[in-house]
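Two complexes come next, and they have one chain in common, subunit A, joined by subunit B in the first and subunit C in the second.
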Partner chain A sequence: MITLKVNGIEVSVPRGSTILQAAEKAGVFVPTLCHDRRITPYGACRLCVVEERRKPGSLIPSCFTPARDRMEILTETPAVLEAVRTQLQLILVNHPLECPICDKAGECTLQDLVIRYNVTEAPFGTEAFARYLDRRSPLIERDMTRCVLCGRCVRICGELQGREELEFQHRGHKMVVGTDGGRALDCDFCGLCVSTCPVGALNDKLFKDGTRVWKLRREPSVCTHCGLACEADFHLEEGQLRRVTPAAPTGNGKGLLCARGQFGWRAFRSPSRIGAPRIRRDGVLHEAGWNEAIAHAAKALDAVRRSHGAASVALLTADHLTTEEAAAWGAFWRDTFGGGPVGSIQADGYRQILETLAGVRGARVAGGTPRDLDEADALVVLGGGSAELHPVLKPLVNGWLRRGGRELAVVSSWPDALTRRATLPLTVTPGLVEDFCGELLAALGSERAGAPADLARYGIDSCALARLVGLLVESRGVVVLVAPEPWGDNRQKARLAAYLQDRVRAVVPLGGQVNSAGAVLGSGLVSDGGAGNGIALTEAIEAGRIRALYLLGEDPLEGLPDPQRVRRALERLDCIVCQSPFWTAVTDLAHAVLPSALLHEKRGSILSLLGESRSLRPVLPPFGQSRSDGEILPGLAAALATGPRVPSAPSMPEPAAPRPAATPAADEAAMPFRLEAVPSLFGDGILSRQSPDLEELRRGLRVVMSGEDFERLGLAERETVEVRTPAGSARAEAERDAGMLKGLLLLRHAAGRPAGLSLIRQGAGCIPADIVRIGT
Partner chain B sequence: MKSGSSDVLKEFSAEQVEKLDGIIARYRGKPGGLIPVLEEAQMVLDYLPVPVQKRIADGLNLPLAQVYGVVTFYSFFTMKPRGRHTLRVCLGTACYVRGGKSIAENIVKEYKVGEGETTPDRRFTYETVRCLGACGLAPVIVVNENVHGRVKTQKLKSVLDEYQ
Partner chain C sequence: MSKALLKGLALTLKTFFRPPVTLEYPDEKRPVPDRFRGRPALVARADGAPRCVACGLCEKICPSLCITVVAETGPEGTRSLARYRLDLNRCSFCGLCVEACPVEAIVMSGEYELASGSREPLVLDEGRLLAAPDRPGEERP
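Coming up: the complex of A and B.
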């Protein structure tokens, strides 16, 4: 620690802190424009100048000058004030004064500073030079005439998001920030550039021209699009949500959101929200009052209970319940109703891994916290798609890597976002990540710390493998992230994770929905019997062991492969109760539809998958007659309190792991590609799919291949092609990715699209496939 | 992926593309290789459109945005094909008052080319300059390395006809 004085106030800061940080600690205001604590200082604006008492006249930019012991810093000397004023006047030469029509007015750093420093004259004239205005890009509008060239967007996009979409271009008075060739943005749409721009040059299109910032009330809340549950500020105007921004980067908060968090909020009021309960009478859904609807649902469930036992009713949860609600529902399901298997389709992989880690049901898992992630010397990521499942991992990991000397090992069969940043990328033959994890476990477990036997099979270089094994053996500073494969088999990964959890600093399962961790670790809705596994569930229904489904926001039709078979199975059921915020495909088959509230409309707590407990207050008003899952339960529980208790046998037999057949069928053998379904950056969950804005970014079903394959097939950018697999065929937009292995196809955005789901198989990992040009 | 490289690269001969790849390969993995690659690439290809930049970015494992930033920063690099001849008209004070302006207007009209652009037939790349230090000869035009003084608007065509 060093000690210095800022305007006479003594502060101690860690060595290496900047003068600006010391001033902040002393509570002294220093103007800044190009500085953002999330990124490295840059020194572009020179507004942060201060003087040292012993060296009058020499102005020091405080944002990047390290503080020294016993410095005496002055921030408001005449020389400093004059420099700041002149500097502001110079910035105004190239900045149009159009505050009345600028959405930033009221929260614009430049405006605030001009007022604070009383800059009333413009001795250098104000002749803003017209620069480009990009209105074509989705979600973000760029008005370069307002840009002050602080470089914050360039740095946040490059350093944190790792996307490097924006760069300085041209020179002198023509300099702008933009994309190559001036094209529209085609990036992660994390919105971090918008959140950092100090002026109105980068604008959130969902917010633009809608209101004025001073009419907004800011409510702290969280993003519910994935299990990271990032902190977010909700901005409301008379109860209406107008925009979402990252929470200020203070304390533990990192001030990060992804596209879903920043732009996915229109999902909360999607036209598919259910306003009132419905019940099925004479084959048609009719609106009903709550009491009637609950009685209707209870009666149907009771009938199944009487005829086949309550254990023949399965419960599927989207994990959007608060921890308290999950606990109450779990207790009801197990103790009052004696219901059958429990699971989650969307969080199946996560739950499988977490519950294996927990071992004994309900046991406390040490887990990994943001601090573990921060302080780790090495990260090992098992499985592809980690930062696609939880996009904020990308800036988190990039920030962590930037501190240097860190190892990032990623085991994946495709170049996902973290593989591209990895210091140790391990590209495994498509479809074999699971097997590789199994063999790695065997190698580690046998203490010979040797290498998995058949390396050639996995396509991994033996040096790289030795480094990975080295990391996992010398493992105190290692944090392991485990990314499940969507619809894949994750048992080997789970076993490897369980083995590692006592040996490394932390193991973090990924792929959880917003409160999957709370539901499982709070001993609420634990996956008894694994109802989330699509094959097991479908087979159990087909065999008549499952007669009814209780769906808490979940939808097997939109979330499981082979939708036709799933539909036929669901149509056999005696009863489906949909307790959901949204109309989805399955609500058409429901016997009762109970509109439930979103997390932002209720009170309670959730647990992020990094173990952070967050308490929620209702920030949005209730929608229609919807009720929270917690409010719905008492009526239902009362109606089902008495009934025959048939001894329950909730568990479903595990389906045999589908392995590639020894001799592939003729059509499979002729298929030159292997297709793997991968998670989408813009969210695959039901909530994310309700957002029209995220849906626009997804651009439908997409198939990605290597540049070589793309050129060999003679495809044009964004050409629609037909994808065929032994399971089905569908049309998708073709895309290329220079970093991909030849012969591999990635399928994006299958969830929620029957065409996409019909291409894949549960548990298969990879499936043979072919691409056919349409019209040939 | 941002732009389809293969289609637009068809503007260049297979030999040129091969040379480009060779240049990229020589500098791959070397820090500070971007500017020499761009310089050599421009020698071979004459200009550096975005698809070429994309190939360079992929080859050197750099973000395309950075390559584009460098290309636009240095006036030496050009993203448009240059003409066979460079035609500069002086618009310094002396030339301007003695007819440079009307020569400039005439060029724009007759050769259908804007300032800093190349004629559709790629015959001329037209630029303006401020004073060449030959005010005694005003108005002055320079074609490639050749200075032509006291150019009359009526005589312009015959001067330029020498350059095909």
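Coming up: the complex of A and C.
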């Protein structure tokens, strides 16, 4: 620690802190424009100059000058004030004074400083140059005339998001921030650039021209699009949501959000929200009162319970319940439908891994903490698509890597976002990640610590493998992230994770929905009876073991491969009760539809994947007649408690280990490609799919291939092609990616699209495929 | 007593031959002074659209909260006026909106005949606010 004085106030800061940090700690205001605590100091704006008492006249930029012991810093001397004022005037030379029509007015750093330092005129009397204005890009508008070239967007995009989409172009007074070749933005749309822009140069199009910032009320809340449950600020005008921004990066807050969090909020009031309960009478869904609808659902469930036993009713949860609600539902289910299978579709992989971990350790929390991720020496990611499942992992990991000397090992069969940043990328032959994890476990378990038998089969370099094994065996500072495969089998990964969890610093399963961790660890609503795994569920329904489904926000039709088979199976059921905020495909088959509230409309607590507990309070007013899952439960429980208790059916034979669905045999020559379904950056969950803005970013079903294959097929950019697999065929937009392996196809945005889901099969991992140009 | 009466009658007689100082309102109207603060009015551009850029500063400064400005993205992609509502029931004719306006899009007109049989006609929208006869300042550049 060193001690210095700022304007006479003595402060102690850790060695290596900047003068600006010391001033902040002393509570002294220092003007800044190009400083953002999420990124490295840069010193572009020169507004943060201060003076040291013993060196009068020499102005020091405080944001990147390290503080020294016994410094005496002065921030308000005439020389400093004069410098700041002149600097502001110089910035205003190239900044148009169009505050009345600029959406930043009211929260603009430049505006605040100009008022604070009483700069009333621009003495240089020049007109700002008109520079380019980009309105083509989705969601983000760039008005470079307003840009002050602080470089915050350029740095946050490169340093944290790792995209380097924005960069400085040209020299001198022609300098602008732009994309290569001046094209429209085509990036992750994380919105970090918008959140960091101190002026109105980068604008959120959803917010633009809608209101004024001084009319907004800021409500701290949580993003519910994925299991990271990032902190977010909701800005409301008279109860209406106007925008969502990352929470200010103070304290433990990272100040990060992704496209889903920042631009996916229109899903909360999407036209597919259910306003009133419905019941099916004479084959048609009719609007009904709550009491009638609950009685109708209870009667149908009771009939199934009486005729086929309590265990023939399955519960599928999307894990959008608060921990308290999940506990109540778990207890209700055990009491009323004891032995009835419980599962999840969207969080199936996560639950599979976490429950294996928790099973090994008992009830102890298996997940890591955010500090683990911060302080780890090395990160090992098992499975591809981690940063696609949870986009905020990308800036988190990039920030972590920036500190140097860190190892990031990624075991994946396709070049996902983290593989591209990895210091140790291990690209496994597509479809063999599970087998590889199994072999790795065998090798580690037998203390052989050698190479798995057949390296050539996995396509891995023995040197890289030795480094990975070395990491896992020796270092205790390793944090292991386990990313499940969507619709794949994750048992080997889970077993490897369970083996590692006492040997490494932390094991964090990924892929959970917003409160999957809370439901499993906090309230014991654990999967049971193999209902979540799609093939097991479908088979159980086909075999008549499951006669009724209770869906808590889930939709098997939109979430499971082979939708025709799933639909046939669902039509066999005696009863489907949908308790969901949204109309989805399965609500058309439901016997009763109970509109439930979103997490932002209720009170409770949730637990993030990284082990942070967050408390929620209602930010949005309830929608229509919808009720929270916790409010629906008492009525249902009362209606179902009256009947005589039927002892649960004798325990069913445990369904066999999930095996891949039968895939029609393929002719290797006719299907030269291997197709893998991968998670989408813009969210595969039901909530994310309701957002029109994320849907625009997805641009439908997409198939990604290597540049070489793309050229060989002679495709044009964004051409629609037909993808054929032994399971089916569908049209998708072709996209090339330089980092891809030859012969591999990635299928994006399959969830929620029957055409996409019909291409793949549960548990198959990787499926042969072919690309056919339309019209040839 | 009679002296006082005669004095009064003399004054009456004198006044009788002077031109009248009163006007036959409402058939005749007195011109209002330049700085008279009648009901607020919006100023039109040459093409007839309001000059207002929908910045909302008048709404912000209004002490009696009688202004509501709703903005939208205009055809040129910039902020433009969607709806402007001024509730004369609440307006105190203070003129702060005029002072706050950065583009001189709102002025105090000379209109003072605002009596109405109910409250509703006193809630003015942008159409009514633009169409005010004899507005001083309308022709200002």
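Keep in mind that, in the parts below, the second predicted complex is superposed on the first by the 739 of 776 C-alpha atoms of A that agree within 3 Å, B and C clash if a C-alpha of one lies under 4 Å from a C-alpha of the other, contacts with A are read in each partner's own complex, and residues count from 1 in each chain.
The definition used in the following text is that contacts are C-beta pairs under 8 Å (C-beta built on N, C-alpha and C of every residue); 3 or more make two chains touch, one makes a residue touch a chain.
Since we're looking at a predicted model, the values are computed, not measured.
Novice: Which chain, subunit B or subunit C, ends up touching more residues of subunit A in the combined arrangement?
Specialist: Of subunit B and subunit C, more residues of subunit A lie in contact with B.
Novice: Tell me which partner A:Arg212 touches in the superposition: subunit B (first), subunit C (second), both or neither.
Specialist: second
Novice: Looking at A:Ile101, would you say it contacts subunit B, subunit C, both, or neither? Reply first, second, both or neither.
Specialist: So A:Ile101 only meets subunit C here.
Novice: With both complexes superposed on chain A, which partner does A:Arg135 reach: first (subunit B), second (subunit C), both or neither?
Specialist: second
Novice: Inside the complex, what are the residues of subunit A that reach subunit C?
Specialist: 99-101, 103, 105, 133, 135, 208-212, 214-215
Novice: Looking at the complex, which residues from subunit A come into contact with subunit B?
Specialist: Going through subunit A, the ones touching subunit B are 158, 164-171, 179-181, 183, 186, 707, 711, 716-717, 735-738.
Novice: Along subunit B, where are the residues that touch subunit A in the complex?
Specialist: 1-4, 6-7, 50, 53-54, 58, 63-69, 72-73, 75
Novice: If we count contacts the way the header does, which residues on subunit C are in touch with subunit A in the complex?
Specialist: Against subunit A, subunit C makes touches at 53-57, 60, 71-73, 77-80, 102-103.
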